[in-house]
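What follows is a pair of complexes built around subunit A, which joins subunit B in one and subunit C in the other.
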Partner chain A sequence: MTSLIDGLLIALEPANLLYAMAGAVLGIVFGSLPGVSATLGIALLVPLTFGFDPVPALIFLGAVYCGAIYGGSISAILLNVPGTPAAVATMIDGYEMTKQGRGGLALGLATIASMIGGQVSALVLLFAAPLVSAWALEIRSAEFFWIVLFAMSTVGAIGTGSPLKGLLAAIVGLAIGTIGAHPLTGEVRYTFGELALYEGVPVVSALVGLFSISQVLALAEGRGMEKQVEIPTVGRLWPGGALLWRLKKHLARSSLIGVFVGLIPGAGADIASFIGRSEAHRYAREPKRFGHGSEEAIVGAEAANNGVVGGSLIPMLTLGIPGNAVTAALLGGLLIHGLIPGPTLFQQAPDVLYPFIFSLFIANAMFALIAFGALRYIAKIVLVPQGVVAPVVAALAVVGAYSFRSIPFDIWIMFAMGIFGYILRRADFPLAPIILGLILGPLAESNLDRVQTLAGAADLSVMGFFMQRWITIILMVLTVATVAFSFWRDIRVRRVEDTRPEGPE
Partner chain B sequence: MLARFRRNPLETIVLVVLLVLGIAGWMMSQNFRGDAGTWPGVIMIMMSVGALLVLGAQFLGPVDETAETPAATEMSGKVRIAINVAILVVYILAVTSVGLYASTAIYLFGHMLYLGIRPVWLAIATSVAVAAVLWMFFGYVLGISISNTLLF
Partner chain C sequence: MPLKSTMTAVATIALSATFAQAQDHANVELPGTIRVIVAYSAGGSSDTLARVTIPAWEAELEELTGQSVSTVIANMPGAGGEIGWTNLANAEPDGSTIGIINLPAVPIVGKARDAAYSPWIESFAPIGVNVIDPNVVMLANSSEYETLDEAIAAAKEDPGSVTVGADGPLSDDHVAMYQLQRATDAEFAFIPFSGTAPAMRAFLSGEVDIAIGNTFDYLTNEQGAKDAFVLRAERYDFIPDVPTIEEAMGVGPIPGGSTRGFAAPAGTPGDILAVYREALANAYADEEVVAEMREANITTVEPLIGEEFGAEMQSVDQLAEELIPLFRDGGYLDN
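Moving on, here comes the complex of A and B:
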C-alpha cells in the first residue's frame, strides 16, 4: 500500500507531469504522422531517454505509447490515411463522418473512447501486474523456456499473414540473438573478431534500424507521390454527455476487449480495434449505419485499441515477454536503464514501476486534454510532407543509435539492420517477430542452459526433465497447438478463397 | 518454375540466403566449446529448415492467384532506393569524420532536396532547426560528442 501511495505521489510531481505531457504531445505527433507508427516513435525516442533517470524516462515513454495509439485516429478521421495500423478500423466510419461535416464529433468520440480505454487498461495493469508477478516468482527455468517459445510461436504464427514466414522471422531473430558471448561459458560466437559484438547485437541499435531505416526507405520510395491536401473543417469536438451515456456499454466492452487482446502475444492494437468494432456492431442500436459514419463504430474501435496499452504491459513487466513490437521497443527503454523485466522486477523496483503505472492514468488524461485544447493546431502535423519526415527520422535514428554506447560501430549495426528490415519488408516478411526473437533469444538460451544442468544433475534427459511438471507440459502442448492452429487456419483460408466464385463482389 | 520465381524474386533470394546462412551457422556452431554451440546449432538448423519449407511452399505448393504479388519495383524505383541508401552511407561516414551535428544539418538539407522539398529555404530552415535541436538535446543536455572529427 505504501508503494502505491508513494508511486502516485512521485507520478504527480511537477517534473514528472511535464515528462508525461511532453510524451503525450510527441506521441500524438508520431501517431498522427502517416508512416510513423507507435513502434517507430518509441524506438526513436528510447535512446533520447538514456540521460534521464529511470522514472521520468518510463513516464515519458509510457505517455508516448498512449498518445501514439490515440494519435493514429487523427489522420485516419481527417484524411482517410491511418497514422498507425491501429487506426484502420476507426478510419472506415471516421472519414465518412468527416465527409458528412461531422469530423469534429468523430475526433471528439475517438478522444474520449481512447482515454476511457486507456484508463481501464491502466487500472487492470495496476491491480493485475503485482498478482501476476507474485505468481511468476514460482515459475522455474523449464517453464520460462516454454513461455518464451510459446510467446514466440504466438507472435510468429498468429500475429502475421503467413504463419510459416512469421515463424521463420522469429527464428531469424533468435539467430541474431545468438551473436556474442555465451552467457555461461563466455565462448564468443559469430562475432568475427568484432569486440563491439561481444555482448551481442545491441538491442537499441537493432530496434531503431529495423523499424526506422526500413521505414525511411519505404517512405522515400513514394517520392513525388504526395498530394497537397487540406485539413477539412473540424467543427465542435465535444460529443455531449447524452451521446456518451448512450455509448457507455460500447465503451466498457471495447475497453475490456482491448485489455484482453493486449495480454495475448502477437495480437496488438490493430487486431483489438477490429474486434472492438465488430463487437460494437453486434450489439449496436443502429448496425446499418456501420460503414456510413457510425458513432458506435468509432467508440468500439478506439476504446479497444487504447485498451491494449495496459494489457500488453502485463506480460512485459511481469514475465519480461513483450507480446508485440511496441512493448518490445518499450522493453528496450527499460533495459537501457538497467531494469530487467521479469518476475522479480516488482520486488526490485516498485519505486519505478508504480509511478510508471500511475503516470499512464495521467498520460491518458493529458492526451485528451491536449486534444480538446489544441487539436485544431496539432491536426496540421498530418500535412508535414514525407520528404521531411523521412530524413528527420533517419537523422534521429543515427544520433539515437550512437548515443547509447557512443560507439560508431553501433550506427553501422543500426544501418545494416535497417537495410535487412527493408529487404524483408519487400519480401513480405513481418518485422516484429525478429525483434522479439532478438530480445527473447538470450532469455530462452540461459533458461535452457539451466535446465540442461539440472537435468544432468538429476540424471534425466532434457525432455524427461520437461515432463516432470504439469505446467511445463501444458505450455509445450499450447506451443504446439498454437503453431498447428495457425497452419490449419491458413490452409482453411486458402481453401475458402479457392472455392469462392469469381465475379464482381 | 521460372514463373513462380518471377512472382517474388526477392523472397526467393532472401530464403536462399537464410538457408545458406543457417547451414554455415550450424557448421560454425560445431566448433564452439562446451554447451555454447547447442542453442545456436538448433536455431541455425531451424532457420535452414524453415527457409526450405517456405521455398517448398513457394515452388511446389498451389499458386495462390488471389494473393497480391508485391509490386515489382521498376528500374527507376530501384535507382531511387539505391540513391537513398547511398545518401545514408555518405551521411554515416560523414558523422564519424566531419562531426555529428554539422553532417546531420548537411545531410538533412541534401536528402530533403533530393526528396523534392521546395522552396529551398524551407529545406535549409528545417535542416538547421532539426540539427540545432539535436545538438541542444544530445550534445548539450546529454553531452554526446564524437571525438577526432573535424567539426562538432
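Moving on, here comes the complex of A and C:
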C-alpha cells in the first residue's frame, strides 16, 4: 500500500510531470508523423533516456507510447494517411468526417476516446500487474519455456496476414537470437571473434535498425518532396457531453477490448482498433453510417487502440515477454537502466514501477489536454515532408545505436539490420516477430536447457518432466492449438477469397 | 628525556613525514581527467561502488597533491565484463584511466576465453580494495533434505541428483559451487540462471534444492532457507547468525566471494600509482565513506591497499587456475 502511495506521489513530482508532458508531446509528434510509428518513436527515444534516472526515463517513454498511439489518429483524420498502423481503423470514418467539415468533431472524439481507453487500461495494469507478478514468482523453467513458445506462436500467427510469413520471421528472429554466448554454457556462437557480439546482437541497435533504417529506406522511395497538402479547416473540437454520454457503451467496450488484445502476445494496437471498430459496428445505433463518417466507429477504434497500452505492459513487465513491437522497444528502455523485466521486477523495483504506472494516467490526461489546447498547431506537423523526416530519423538512429554501449560496431549492426528489415518489408514479412524472436529466443533456450538438467537430476525424460505439472501441459496444448488454428484460418480465408475475388468490403 | 620533548619530537617526525609525503606527491603530475572504467552497466553493484568511492578518492587526491582533477565514470558493459576489462588493460598507462576489476570474474573469464587482457595478473596494477562479498550456500525450505549436511551427503552418494541454482555460468557463485564440490567430494547438478534474482526466485519456488548467492541474496531470501552457511574463514558481520562452512560441516575454511577492487593498467608510473593507492587508503579509512558504502548495501571488509591487494589477486589467480579444469569438464569452456 505504501508503495502505491509513494508511487503516486513520485509520479506527481513536478519534474516527473514535465517528463510526462515532454513524452506526450513527442509521442503525439511521432505518432502523427506519417511514416513514424509508435515503435519507431520509442526505438529512437530509448537511447535518449540513457542519461536519465530510471523513473523519469520510464515515465517519459510511457508517455511517448500513450501519445504516439493517440497521435496516429490526427493525420488519419485530417489527411487520410495513418500516422501509425493503429490509426487505419480510425481513418475510414475520420477522413469522411473531415470531408464533411466535421474534422474537429472527429479529432475531439478520437482524443476523448483515446484518453478513456488509456485510463481504463492503466487502471487494469495497476491492479492486475502485481497479481500476475505474484503468480509469476511460482513459474518454473518448464512453464516459462512454454509461455515463451506460446507467445512466439501467437506472435507469428495472429499478428499478420500470413501465418507462414509470421512464423518464418519469428524463426529468423530466434536464429539471430542465438548469436553470442550461450545463455547457460557461455559457449560463444557465430560471433566470428567479434567481442561486441559476445552478449548477442544488442536489442537496441537491432530495434533501431530494423524499424528506423528500413523505414528511412522506404520513405526514400517516395523521392522526398511529395506535393504539399493543406490542412482542412476543422471547426470545434469538443464533442459535447451529450454525445459522449450516448457513446459511453462503445467507449467502455472498446477500452476493455483494447486491454484484452494488449494482453495477448502478438496482437497490438492495430488489431485492437479493428476489433474495437467492428464490435462497435455490431452494437451500433446507426450501423449504416459506418464508413460514412460515423462517430461510433471513431470512438470504437480509438478507445481500443489506447486500451492496448496498459494491457500490453502486463506480460512485458511481469514475465519479461513483450507481446508486440512497441513493448519490445520499451523493454529495451528498461534494460538499459538495469531493470530486467520478469517475475522478480515487481519485488526488486516497486519504487520504479508504481511511479511509472501512475504516470500513465497522467500521460493520458496530458495528451488530451495538449490536444485540446494546441491541436491546431500540432496538426501542422503532419505537413512535414518525408524528405525532411527521413534524414532526421536516420541521424537519430545512428546516435541511438551508438549511445547504448559507445561501441562503433553497434552502428554497423544497426545498418545491417536496417537493410535486412527493408528487404523483409518489401517481401511483406512482418518485422515485429523478428525483434520478439531476438528477445525471446535466449529465454526459450536457457529455460529448455535448465529443464534438461533438472530432468536429468530427477531421472526423467524432458517430456516426462513437462508432464509433471498441469500448467505446463495446458500451455503445450494452447501453443499447438494456436499454430493449428492460425493455419486453418488462413486456408479458410484464402478459400473465401478464391470464390469471391473482389474480397470482403 | 622529558615527556614534552618526546611528544614534540614525535610530532616533528610525524609532521616532517607528512610534509615529505606531501612534497613527494606535489611533484607528481596528475592527469586533469581520470576515467574510471566499470565493466557493468549503471545501477549495478560495481557501478554503485564506483559512484560512492570515486568522489571521496578524488577529494583525497586533491588533498594529497594540491592538484585539481576531475573523474568520469565510464560504464562499459558487455561480454560478461570482458569489454570493460579489455579497455582498461589496453588504456594508456599514464594514470588517466583506472577501473574496477571484479574477482574471480576477471581471471575466470580471461582463462575461459583467452581474453585480450590475458594474462590478467600482468595487465592490471593493483590500487586497492575494500569489498569482498562472501558466498552464502542456502538450502530451500521445500527441499527433501533437512540440512545442507544431508543434501551434500546425498550429492556425494548419488552424483548429480541434488540441484544447485545460481547466477552463471562462470560467476563467483559457480566458482563457489566448484570449491564446495572440491572440499566435500559431492557432485551437484548445476542449474544456471542469468542473474541472481531469477536464481533466487527459482530457489523460493522450490525448483532447486540449494542456491548459492552472496550476502544480500541471503538477507532478502532468508525466509526461504532452512539452512545456510557462509564461505568465509570467520562469520561475516553483515550476517552474524550464519555459521561458516567450517562450523557447519567441519570442512574448509573455503574463502569464497565476489571481490570488487580498483586497478590501473600495468605500466602506470609508480609515483602516480603510489598517490592513487594512498588516496584510496585515506578514503577507505574515512568512517563516513565506509558508512555511506554500507548504507548503499556495499559489503565492505578491511581494505587491502597496493601490494596487499596484489597478493589477493595472486591467490584468486591460483584458485582460478585450479578450478579451470572443473569448468572445462562441465562444458563451460570453449577451449
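Rule of thumb we're sticking to: the second predicted complex is superposed on the first by the 498 of 505 C-alpha atoms of A that agree within 3 Å, B and C clash if a C-alpha of one lies under 4 Å from a C-alpha of the other, contacts with A are read in each partner's own complex, and residues count from 1 in each chain.
One rule holds in what follows: a residue touches a chain if its C-beta (ideal position, glycine included) is under 8 Å from a C-beta of that chain, and two chains touch if they have at least 3 such contacts.
Here the structure is a predicted model, which means the values were calculated and not measured.
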Is A:337 contacted by the first partner subunit B, the second partner subunit C, both or neither?
-> second
Now for A:372: first (subunit B), second (subunit C), both, or neither, which partner does it touch?
-> neither
Counting residues of subunit A touched by each of subunit B and subunit C, the higher count belongs to B
Counting only touches as set out at the top, which of subunit B and subunit C does A:184 meet: first, second, both, neither?
-> both
Please indicate which partner A:450 is in contact with in the superposed arrangement: first for subunit B, second for subunit C, both, or neither.
-> second
Which of subunit B and subunit C A:485 touches, first, second, both or neither | neither
Please work out whether A:494 is in contact with subunit B alone, subunit C alone, both, or neither, and reply first, second, both or neither.
-> first
Which of subunit B and subunit C A:387 touches, first, second, both or neither = first
Which partner does A:171 contact after superposing on A: first (subunit B), second (subunit C), both, neither?
-> first
Given the touch rule stated above, what does A:220 touch, subunit B (first), subunit C (second), both, or neither?
-> first
Both partners, subunit B and subunit C, contact subunit A at residues 184-185, 187, 406
Contact set on subunit C toward subunit A in their complex | 41-44, 76-80, 82-83, 86, 112-113, 116, 160-163, 168-170, 189-195, 197-198, 200-202, 204-205, 207, 331-334
Can you name the residues of subunit B that touch subunit A in the complex?
-> 8, 10-11, 13-14, 18, 21-22, 25, 28-29, 32-40, 43-44, 46-47, 50-51, 53-54, 57, 62, 64, 66, 70, 73, 77, 80-81, 84-85, 88-89, 91-92, 95-96, 100, 104, 107-108, 111-112, 115-117, 126, 130-131, 134, 137-138, 141-144, 146
Report the residues of subunit A in contact with subunit C in the complex, numbered from low to high.
-> 54, 137-141, 181, 183-188, 195-196, 198-199, 336-338, 340, 342-344, 348, 405-407, 442, 446, 450, 453-454, 456-457, 459
For subunit A, which residues count as touching subunit B in their complex?
-> 48, 50-51, 164-165, 167-168, 171-172, 174-175, 178, 182, 184-185, 187, 189-190, 213, 216-217, 220-221, 223-224, 226, 385-388, 390-392, 394-396, 398-399, 402-403, 406, 408, 411-412, 415, 419, 423-424, 426-429, 441, 444-445, 448-449, 452, 494, 497-498, 500
